[in-house]
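Two complexes, one shared chain (chain A), two partners (chain B, chain C).
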Partner chain A sequence: MEAIRHIRSLLASRLSALNQEKLKGKKIIGYIPGGYFPEELVLAAGAVPVCMIRGGDHSAVETAIAYVDRWLDTFYRAQIGYGVSGVDPYYKVLDALFVPITDANNRALSDVLAYHTPLDVFPFGIPHTKSEDGYGYYLHGLTKVKAKLEQITGNDITDERLAKAIEQCNRERELLKEISLMRKSDNPPIASKDFVMINHASMIVEKTTMIENLDSLVRELRNAKPGVHDRPRLMLTGSTLAMGDHKIVELIESAGGNVVVEDFAEGIKPYWNTVPENDAPLNALAKTYFMDRVAPAWFRPGSERLDYLIRLARDYSVNGVVWYHLMYRESYKMQSYYFPEMLRKETGLTMLTLESDYDPAETGQMSTRIETYIESIRRQP
Partner chain B sequence: MKSQALIVAGIDIGAATAKAVLLNGNTMLSSCVIPTGESVALAAESVMRSTLDRTDLSLSEIDYIVATGYGRRAVTFAHEAITEISCHAKGANLLYPLAHTVVDIGGQDSKVIEIDEKGNIVNFAMNDKCAAGTGRFLEVMARVLNAEIEEIGSLSLKGDDPCQISNTCTVFAESEMISLRAEGKSRENILAGIHSAMAHRIAIMGNPIGFKSQIIFTGGVARNIGMKKALQDRIGEEITVADNPQIIGALGAAIIAAKKQGHSI
Partner chain C sequence: MTTYYTELLTLCGFKEDEITRQKQRIETAFEILQLGPEDMKIAAERVQNRFDIELLGIRKALGVWLKELFDVVLARKEGKKIIYFGYPPFQYTGLAIKAAAKSRDEFYVGCPEVVFCQTFGQIFNKLTPILEEGEAKGLAPGHAMCSLLQIKNGALAKKMIPLPDMSIATSYFCDMGPKADELMQYRYGYPVIYVDSCLDSPWGEWPNFDPERVHYLGKQLNGMFQSLKDRFDIEIDETVWKNSRFLAGRLYMAIDKVNEFLTADPVPLGVADTELIMNFPYGCTGIAMDEGAEAVEILADELKRRVEQGIGVVPKSAPRVLLAFQSLVDPVFNQLIGEVGLAVPATMTLLPPPPFPKSHPYPTLGEKRAEKAMFGGAYHSSYGNIKRIEESLKFADVDGIIYNYQYSCRPLVCNSKLLKLHLEKETGLPTLLLDMDFYDDRNYSAAALRTRIEAFAEMLRAKKAAA
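Our next item is the complex of A and B:
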């Protein structure tokens, strides 16, 4: 598909584009994924947002061993590895890094990079309950992020500019949602690896260009005539699906499975809701980015996400669920023990749980697990 | 002379041994087990040849071949690759129609598989990438204790005061063995402790799956009588060691091959 090829090439050339923007005097603002950092604030400040969503790289994980203990989430150890190396081009191009603190893992990342590197690291806390207090605390965090961005760029983030950025990002979310919904059909016109790629790209590629390409992609997909197949439909869910961590989706596809919907704390930007365009912009951002989104596994209570997964499994008519968390992400791992029983009671579906430390040695056993799971779904009467 | 009924083969390339089974309808024509050795591809060819040598058939007379085991992708002459978990399930189901749980302990992997009355998988658990709780673990421990792998099971049954073994990590357990020997513990009691510790690990792994009767024990380690006893003691249920337990995966692969050709077994 033309638009997919184009987005992939934009992604590949993004680093040199960022360096050129920097030479022109633009500020490059990095942020840690998870859906709690509104790109709108960066765009309204006239700076360039870029999400630190790369992963899957065992050597980066190994580098981190000299800086943090082993018992931190693999993705965050990888970010520490990239960040402290001093040679990673994506970290080198940043003027600042914003870290929404959701648990001990990104807290460690924030502390280590602030201490060991010259990077301007700005952490801000994310509460774990959707309450009036929680909302107020998150809104307060956004106010501080706004002030920090104004200080870095020297530009005022006016309500008018923020409203414009919200409108732009809403358009992107609507397009992602429309593409995702097309996968409810019997023959999804887009493969998961491509959907994940465009979702990653939406956090990295220049916004206007990205929206133009998503627009063309929607048109292409509407006219696409995907071939008929009988591959089992799967939901892929878990803690982090990083750019470069393609092993899982590739193994599933080569074993004959078809991922039709994904849900991840980091790696799948929430696209179900748009930000209200007529409210006070900062409050509207806080409402959508904190209150309206599906809460991740570490929230109290933790049931919102699990109920959502059951709805998603029904909506997308899946035949099975693959749960993929990274090592030492305890909030996700804990849910993986009891969710299969909930899922079975509500839908009759089984679940396969996989855990990774980005270690290439895992591949053989992981592929046996995935193949067996798909064989077991296929053979069910 | 080519036989009239369908001839199919299952070939199971494990980490330690390569197995093959030839079926003609419901009759097993021959089977063979050889060490896998260094080359998975050579082991596949060699075990197939040895199995055929016991009949008057040639490779070209086999209608369908299914490969399984960790080396399943390297069997170039197979028509299809199916995981060993599905194959052990099918193989155990054919021989034991009332089986609901299959415990398969092989050279490098161990699995607890829940199956339905058709031999389809309901749920399964598999050890992680380390060798704890596998045949490899027992091999290393046998070497440290200067015992033959074939005799450690029966030796373990002679233990009257099993040692407490805290580690099933192969590396740590090895040094634990050495210090127990230095303390003057008998080989029988150390082995009884090893079998009990490994059974404990398999029981923990299979707990979320459950051990529903009838429980069938397959894989090379099922030949170890001490492990059967240790597992029964841990789980508190009767365990049936499959007849010729090493070839159950290859048998299951052959059954799947026959079904692919429309033959019902």
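Our next item is the complex of A and C:
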């Protein structure tokens, strides 16, 4: 599809575009994914947001070992590897990095980069329980982020600017949601690898251009005449699906599976909810980003997410679930132990659990397990 | 009358009449724990070989841990309400519950996994089946899951400890503890209180902090107090909190005395033995407050005599190190520090606190406790933890640091390498990093650690000689 090709090319040339923006005096603001950093604040400050969402690269994980123990989440070790290398072009272009602190893994990232690099690292806390107090603390964090961005850019983040940015980001979320919902059909018009790619692009590509392309894509998809598929429909869920970590989706597709919906803490931007446009903007952001979204596995308790996955599995009529988490992300590992029992009880579905340390040596074993799982689904009466 | 457990219990400081009086309880507990005559023999041998049982204080300390084990195992049968708290505990919370209760016997409040470390680990060397059960029931091996939580999970699954009426999760420090509590809540259905916090201070902030951190953690603590009132009708206020400190006062005073004698040269007690007293205040709220305090007082008197006589566990002028943590289960590791000729006058948990900055007038009990937690460092941030150690080192006369850390504890793993860099730069003290497991000796090789510690000791000796 034309729009997909265009978005892909925008992604490929984004680094050079960022450097050009920087030369023009724009501030480039990096943030760590997970859905708790509102890009709206950066846009309203007149700066350029860019998500540090790359992964899948074992060499970055190896670089990190001199700076942090291996017993931390693979994605965060990879970020440390990129960050401390001193040569990574995405980290080099940043004027500041915002790190929503969700657990010890990204706390390590924040501390190691603050200690070992000249990068301006700004951590802010994400409470682990949904409550009025938790909302209050998150809102306080956003207030600090806003002040920091104003200091970096020299621009005031006024309510008007913020409202405009919210409107823009809402449009992007609506389009992503519309595309995702099309996959409920018997013959989904877009492959998971393309949906994941556009989702990643929405965290990196310039916002206006991205929205224009998503708009075009929606029109193309509405008019598309997808072929008939009889491949098992799968939900793919887990901790992190980074840009560059293509292995899992490719293996599923080449084994004859069809991922029709994804849910990840890092790597799939939450697109189900829009931010209310008539409320006080900062409060509205806090409500949508913290209270309304389905919390990831590290929340305590984390059962909301498991109920949500069961709803997604039903809504998208899936035949099975692939749970993919990275090594040493303990919250996902623990839920992967008891979720299959819940899933089976509620839906009769089975689940395949896979883990990765971005090590190429995993591929063969992972491929065998996926093939076997898909075959077992096919043989189900 | 001699029974299959008399020898072990006598070695552990039990008096004959105590064994007779408690016969029923002891046998019921051992039956639940599936500990038989063969286990007692192994334990008796281990106690004789691995601990300084020439000292009555050490024998009694071992006995206190066995009594704590009996208490937790029998708590439900004895009609107590049961509250478990995670490790590391929020200081004094358990004791405050005891202080607020109608009688101290009304509740069992403690950290059963710590009690199991000290008994099934240190004394019986029989933790493996419990760990394996914990692994099989959701805390899988090979994923750096906390072995302390595996012990709790395994002991619950094997029905060695009763289900609690409530569990207080360590959400203020650790990510894995509360998730493991969630897993156990799913499996067993008991209520869990999550006391949440966000360790989000930027590098370099301690001892300062964003006051909102104190408000948030304070509200969480106040919420816990409210839940305790709603569920158990116990009210924790400032007076109760003060009283709770008195419950542990005698124990802390005795520990302080021991600490003072540990600074002597030669150091009069080894790591395997100091470990036995360290966790009384962290894992227990029961008999350890009285009989534990008595054991530590006796120990302090015995150490005083050793110091006066110049008796030490390593030669005088041996290199002195701060050992970050002792193993809670493995006296073999704890002993090898002394075997390579290193004296340990201090461990991290027993380091004296640096002077605290002036307090703000926070209005609620929860906020006051939260503020103290910020000053303590570990609940503030990685930087706070490291600086707290750096500040405390000013009061410890050491030649080097062994920072051995729990490989499966994310908060410790977060900062291990930064800690070494920072402390070496700021204090000039050589620092050895050791990745190990305090709760599961299957996860490291004591021989490999020995090689590294020996080399470190040799370097310290050479450095000392050159000076």
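The rule we apply is simple: the second predicted complex is superposed on the first by the 381 of 381 C-alpha atoms of A that agree within 3 Å, B and C clash if a C-alpha of one lies under 4 Å from a C-alpha of the other, contacts with A are read in each partner's own complex, and residues count from 1 in each chain.
Just so it is clear, a residue touches a chain if its C-beta (ideal position, glycine included) is under 8 Å from a C-beta of that chain, and two chains touch if they have at least 3 such contacts.
Because the structure is a prediction, the values reported are computed rather than measured.
Counting the residues of chain A that each partner touches, chain B and chain C differ, and the larger count belongs to C. After overlaying the two complexes on the shared chain, residue contacts for A:R300 are found with chain C alone; chain B is out of touch.
Of the two partner chains, chain C is the only one that A:L72 touches; chain B does not reach it.
With both structures placed on the common chain, the touch criterion links A:T372 to chain B but leaves chain C unconnected. In the superposed pair of complexes, A:I7 makes contact with neither chain B nor chain C. On chain A, the surface touched by chain B in one complex and the surface touched by chain C in the other have residues 337 in common.
Contact residues on chain B toward chain A in their complex (touch as defined above): 70, 82-86, 109, 118, 120-124, 126, 128-129, 208. Of all residues in chain A, only 337, 350, 359, 361-362, 364-365, 368-369, 371-372, 375-376, 379-381 touch chain B in the complex they form.
Every residue of chain C that touches chain A in the complex is listed here, in rising order: 138-140, 143-145, 169, 171, 174-176, 178-183, 185-187, 192, 194, 196, 198-204, 210, 212-213, 216, 219-220, 223, 381-383, 407-408, 410-411, 413-418, 421-422, 435. On the side of chain A, the complex with chain C involves touching residues 66-69, 71-72, 101, 103-105, 107-108, 110-112, 114-115, 121-129, 133-134, 136-137, 140-141, 144, 297-298, 300-303, 327-328, 330-331, 333-335, 337-338, 355.
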